[in-house]
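Sharing a structure below in C-alpha cells format, with a few things to ask.
Chain naming follows the written order as A, B, C and D, and within any one chain the residues start at number 1.
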Amino acid sequence: MSVNKIAILTSGGDAPGMNACIRAICLAAKHANIKTVGYKHGFNGLLNQEFIDLEPARVYNLIQRGGTILNSARCEKFKQAASIAKAIVHLDENNIDALIVIGGNGSFKGAAQLQNMWNKPVVGVPGTIDNDIAGTDFTIGYHTAIQTAVESIDKVKDTAEAFERIFLVEVMGREAGFIALNSAIASGCDHVLVPERFTSAGEELVKIIDKLDSRRANKKNASHIIIVTENLWPGGLAVLADSLASETGVDVRILTLGHVQRGGSPSSEDRLLATRLGTYAVQCCINDERGMMVAEQRETPMSLPLEISWKEKKALNSYTVDMLDKITLLG
Amino acid sequence: MSVNKIAILTSGGDAPGMNACIRAICLAAKHANIKTVGYKHGFNGLLNQEFIDLEPARVYNLIQRGGTILNSARCEKFKQAASIAKAIVHLDENNIDALIVIGGNGSFKGAAQLQNMWNKPVVGVPGTIDNDIAGTDFTIGYHTAIQTAVESIDKVKDTAEAFERIFLVEVMGREAGFIALNSAIASGCDHVLVPERFTSAGEELVKIIDKLDSRRANKKNASHIIIVTENLWPGGLAVLADSLASETGVDVRILTLGHVQRGGSPSSEDRLLATRLGTYAVQCCINDERGMMVAEQRETPMSLPLEISWKEKKALNSYTVDMLDKITLLG
Amino acid sequence: MSVNKIAILTSGGDAPGMNACIRAICLAAKHANIKTVGYKHGFNGLLNQEFIDLEPARVYNLIQRGGTILNSARCEKFKQAASIAKAIVHLDENNIDALIVIGGNGSFKGAAQLQNMWNKPVVGVPGTIDNDIAGTDFTIGYHTAIQTAVESIDKVKDTAEAFERIFLVEVMGREAGFIALNSAIASGCDHVLVPERFTSAGEELVKIIDKLDSRRANKKNASHIIIVTENLWPGGLAVLADSLASETGVDVRILTLGHVQRGGSPSSEDRLLATRLGTYAVQCCINDERGMMVAEQRETPMSLPLEISWKEKKALNSYTVDMLDKITLLG
Amino acid sequence: MSVNKIAILTSGGDAPGMNACIRAICLAAKHANIKTVGYKHGFNGLLNQEFIDLEPARVYNLIQRGGTILNSARCEKFKQAASIAKAIVHLDENNIDALIVIGGNGSFKGAAQLQNMWNKPVVGVPGTIDNDIAGTDFTIGYHTAIQTAVESIDKVKDTAEAFERIFLVEVMGREAGFIALNSAIASGCDHVLVPERFTSAGEELVKIIDKLDSRRANKKNASHIIIVTENLWPGGLAVLADSLASETGVDVRILTLGHVQRGGSPSSEDRLLATRLGTYAVQCCINDERGMMVAEQRETPMSLPLEISWKEKKALNSYTVDMLDKITLLG
C-alpha cells in the first residue's frame, strides 16, 4: 500500500505542543511526498467534513504556538457505530490513507473503534497535560503544564511570605497526580494531595495538620502551600479550607490555577517530544501499523497498542513519591 | 536637624518592587552616610520593636526579588492613639530620625496620624498593585501586576480558541479598575467590568450580551474573554456565569487570577519606579519634609501631601476608557 | 474630505508592539467604517505596489505577536523625489486617503517628504526600541526591549556570582542611551556607558576603574557588570575588555545582547501604548491632520509636527541620570 | 560506619539547579539526622578551609534560585597529590564523613582522585548545562539552558522575519552538541552544526548552502537561522559569516548567546532532577558507596562508577539526529 495523504485531528482537552506535533507531521509527511489535511474540532470534523489542507506554509512558525490550529473538542456521537461508519465514508471520499489522532485515552478509544472498522492505519499520539498514558515516559503538554504551575506557585510564594497563611492551590490532572506531585516538589511546597495516595478526608486532614505542625516547629510565622489535584477533596476545596481554618486558627486562601495550565508557548521539552512523536507517527502510517499509538522511552519513539492507554494505569514514579517526605518536612 | 538613621516599613497588601524600593532607600541613605533599619510586619514592628539593620550587604541582589524582606501586614491597632504614642517612644528609643512607609492609602493614613504626633519626618512611598493613589502616575507593583495578568490571559486565550466558551477572568484592584481596564486592553479581551463604570447587574448584563452578539456576528465559534474587577459583581462571578450561560446557551468558565498577581520578579518598570521613589524619599527625609508622600509624574519624582491619597479619587485615563469600544468590537 | 481607506506601513528597525499598533489602527478604522491596507517592507511596498488587505480577521490575535506582519525595511531610494512621486501615483491609484507610517525618525523624514508632495494626510507613529523621539514619553518597543535586556542581565548575574569577573554587556540604542541607562538601573548593574555622557576612552576608563575599586572595597570577590551602548567605545568592546583586564588583572567577558532585544511578545506597556497611539493615528487621519506624528504624554495621546523627531534631541531623564551614582556605589 | 556530617561543593562551570541540589541534599540529610556543610569555590574551599554550615533555614526558598550559593570554580592545583592530601587533612579535621561533588566530568576526575586517597565516600552529582555525562539521561542545568536558548531564538525569529538575513547563533556545549541540536529543533531552525557530526569547514559550507537554497525554493525572502556549537567553526563564526555572505549575497548576522545560558531560575525539570539526584546522593553516602556518581534513567536515580564520566562518550540521541533533515527542509 502506498500512503499519499494523511489526515490529522486533535481531540479532547487541548495541550501545549499539539501545534508543534501538527507541524512535525506535516513536514515529515512532505519529506516523504505525502500530503496532509487537518480535520477540525476533533472527531466532529470527520462527521462534518470540516477540514483544511496543511501545506508546509501553513505550519510555518507554528512550533512555538500554544493551542491547536485544528481546534479540539470532545465528541459524544463518536461512540456510536453509525457515526464511525459515516466518518469512514468521509475519509474514503477524501482519499485519506491514514489518520493520526492527537489526544488522550478517551480519544484513543475513539481511534481504536475507528480502526476496528477501517482498513487503513489509525495512529494515536499522546497529547494531554495529565501525563496519564501508560507506556510512554511523557505526554505532549505535560512539561509545559508543570512549568506553568510552578511559575504561578513561585509567585504565590513571594507574596505568601508576608503573612502566616495557608494557601490551597488546585492544579489540573483529572484523575492522575502527575502535575500535582511534580509541581509540588519543583516549587518546594509543604504538602501535596494526589488521587493515587488519597485515603479519606478525615485521614488526610490529620496528615496535613501534622505536617503543618512540624513545619511550624522549624519555621515560625511562615506561610504554607498545599497542592491539591482537581476534583479530589470531597465537597471541594472550600470544605478543606474551612476545616483547616478551624483546626489551625490560620487564614486559609484558595487558588485555582485553572485553564492557564493548558495554554502558553510549549516548553522546549514539549516541542522536542511533539516533534519526535509526530515524525514517528508518519513512519507508522507508512509502515501500515494498525491500532497503534506512538510512545517514547528515554527520548526514543516506538509504537504500542492503543489499548494500553485505557487498560493500564500509569503509576507515579515511586522514587519521587517516596522522597517527598524527606524534602517537605523542613524547608 | 541632621539625619543619621532612617527606618523603613512595608505595610498593607504587598506589591512587587517593594524590595527594590527598600534597596534604593538603603543605598541612597548609605551614600549620604545615613544608617537604615527595617521594621518588620508593617506598623506591628513599631509596636513590637521588631526590626533589622539594613546594611548594603543585606540588600545585595534584592532588586529583582518579589515580596518584601520586611514582611507586610495590616495593623488595626495602629488606629488607636495609644498605639501611635507607643510607636513614637520606640522610634525615639531607637534614635530614628525619619520613617519611610511603603504602602497604599490605608497605610498612608497611619503614617499621617503618626506624623501628627511625632516631630520628625514621616514619608510615604506609594506601593500597591492597585494604582489607586492620586497625584502619582503609577504606584510600585502596578506594572508587574498587569504584566502577570496579561501573561495569564494570553495563555487562557490559547486554550479558549478550541471551543466556543465564555471565560470570566477576575483580576485584583480592590475598588479601582486600573488593572482590569489595562489588562483587558493589553490582552485583547472582549469586554471589561470596572467599578468606575459599573451601573447595575441588570444593565451590565444587557451590555455584555450585546457585545457578545456583535462579536459573534464577526467571528463565529470563537471564545470570549471578559475581565472583571474583584468584588464587583453582586453575589459574585458565579451569579454572572449562571446568567450568561442561561442567556447565551454557551459554556461559561470562571478563572480567578488571585495572589499570583502580587508575586513575581518586578518588571523593569517597577524596579525603575521603586528606585526613583526610594532615592527621592531619602532626600525628603534629609530635607525634613513632614507628612508628605513621594509621587512621580513623567518619571520625575516630587513630594505631595499624604492626604491626597485618601482625599482625591484617582480617575481612570479617559482616553483609554473611550477607546475601549473601538478596539473590542471586532478583533 | 471623507476618509475611506487608510494605508499602513512599518519602516526602519522593527520593534515589539508594531503588530499591536497595526491591529489597533485596523480595528479603530473598521469602527469608523474605514478600510485598511498594509504596504509591505516599509516604503519599498509603496514603490512596488506590494500590499495586503487588513481585514479585522487578519489582525485577530495579533496584539501579542512580536515582529511586524507587514515586514519592515530601510529604503534608500525613498530619498529621491522621483521615488516619492512614484509612491504618490501608487497611493492614488489605490484610492488611499491617508497613510500611517510606524517607525523611527529616519522613517519620519521619509513620511515628511511624502507629505510635502501629497495632498492627503501622512501620520507618523513612533515605533522604535531606542526611545529616541522627542515629544513623546515613550516609543513603541522601548519597554519590551528594556525588559528583555533586564531578564538577560538577571541571568548573567546568577552565573557571575561564582567568579570574580567583569562582564561588559552591550545593549542597543543607536545613538541614545535610554536602553543602556534604564536596563543598568533596573538590573542593579555597577556602571553604565551612554553616548549622552561619554567623554573620551581615557577618561571613561579611569572612571570605570575607580568605580570597580570602590565596589570591591565594599564587596570582595564579586563580579561586576557594566552596560555599554552599542557602537560607543572607540574600537569596540574588545578594546575596552583588554584595557580593563590589564588594569585590574581580572577576567573580562563580553556579552552582546543583539537582536534578541528587538523580538519577543510585546510587554503589556507596549501593547497599551501601541493601542493608544494606533487608535489616535486613525483620528488624526479623519481630522485631516498633515505632517504630524502621534505622541503621548502621561498616557494621553496628542499630535505634534513630524519634524520634532529630527530637529529636537530627546534628553535622558535628568533625575535618573543623577541618581545613578547613589545606587551603584554599593549594592 | 555512621554518617554524621556530609560536605558539599559545586565545581566547574555553574549550572541552573545546583542550588536546588544543595537544598535537596541538606534537607534529605537533616531528615536522616545528618549535618551538612558547604565548601566554597569548588575544590579551592577544601584547600583553604572555606566553608559554611548548611542549616535548613539556609536553603529555605533556594530551589528556584539560579547560580550556586557555594560559588563554583575550577581548581588547577587539585591535580597535584599534595593538594589532595591537604584536602583530606582538612576534611578529617572537620569531621566530614562523606563528600558530595556537584559538577561535570572534570570535577569528577578530581573527586575520583580524592576518593583514591580518602577512606570515606566521595559521591559525584552530574551538574553541567552541557549534558555530556554518559550513564545519565540528563545533567542538572541542561533543560534550563535549552529553554533559555530557545526563548532567545524565538525572539530573534520575530525580528528576523522582516528581512532576508542569515543569523548564526552560537550556543554553549563545550565539545558536545546536545544544546545545539535540541535548541535548533525546538526553535524550528534551518540548520545546526554539532561537533559530533562536523567534518570540515569546506564540506559543511557546501551543506549549508544547499540547505539554504532548498529552503529559499520553498519560502522566498525568509530569514534563516543556523545554530552552531561554540568553538566549532575553524577560525570562529566571523569566518563562516564572511563565507556565507560572499556565497549567497545575503546579509549575515552573528548572535552569541553566551553566559545567559548558565543563569536564570531552573526549569521545573531541572528542579526535579536536582532534587531526585541530591536526595539519592545522600543515600549513597549513608550506604558508604565509594567512587560513584549518581545518575538517572527514566526519572529513577541509581549510582554508577565516576570513571564512566570520562571513559565513555555520551552520544547524541540517534533518532533526534536522523529526524533533523525531515523537519528542517521546509518550515
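By definition in this document, contacts are C-beta pairs under 8 Å (C-beta built on N, C-alpha and C of every residue); 3 or more make two chains touch, one makes a residue touch a chain.
Everything numeric in this text was worked out from a predicted model, so none of it was measured.
Considering every other chain in turn, none proves to be in contact with both chain A and chain B.
Farthest chain from chain D (centres taken as the mean of C-alpha atoms): B.
Once the centre of each chain is set as its mean CA position, chain A and chain C turn out to be 40 Å apart.
Computed from the mean C-alpha positions, the centre of chain A lies at a distance of 28 Å from the centre of chain D. Touching two or more other chains at once are residues 154, 157 of chain C.
The complete set of chain-chain contacts reads A-B, A-D, B-C, C-D. Residue ranges on chain A touching chain D, taken from their complex, read 23-24, 26-28, 30-31, 56-57, 59-61, 63-64, 137, 143, 146-147, 149-150, 154, 157, 161, 182-183, 185-188, 218-219, 265, 267-269, 271-272, 275-276, 279-280, 297-301, 317, 319-320, 323, 325-327, 329-331. Residues of chain A touching chain B in their complex: 14, 16, 41, 65-68, 71-73, 148, 152, 154-163, 167, 253, 255-256, 258-260, 262-264.
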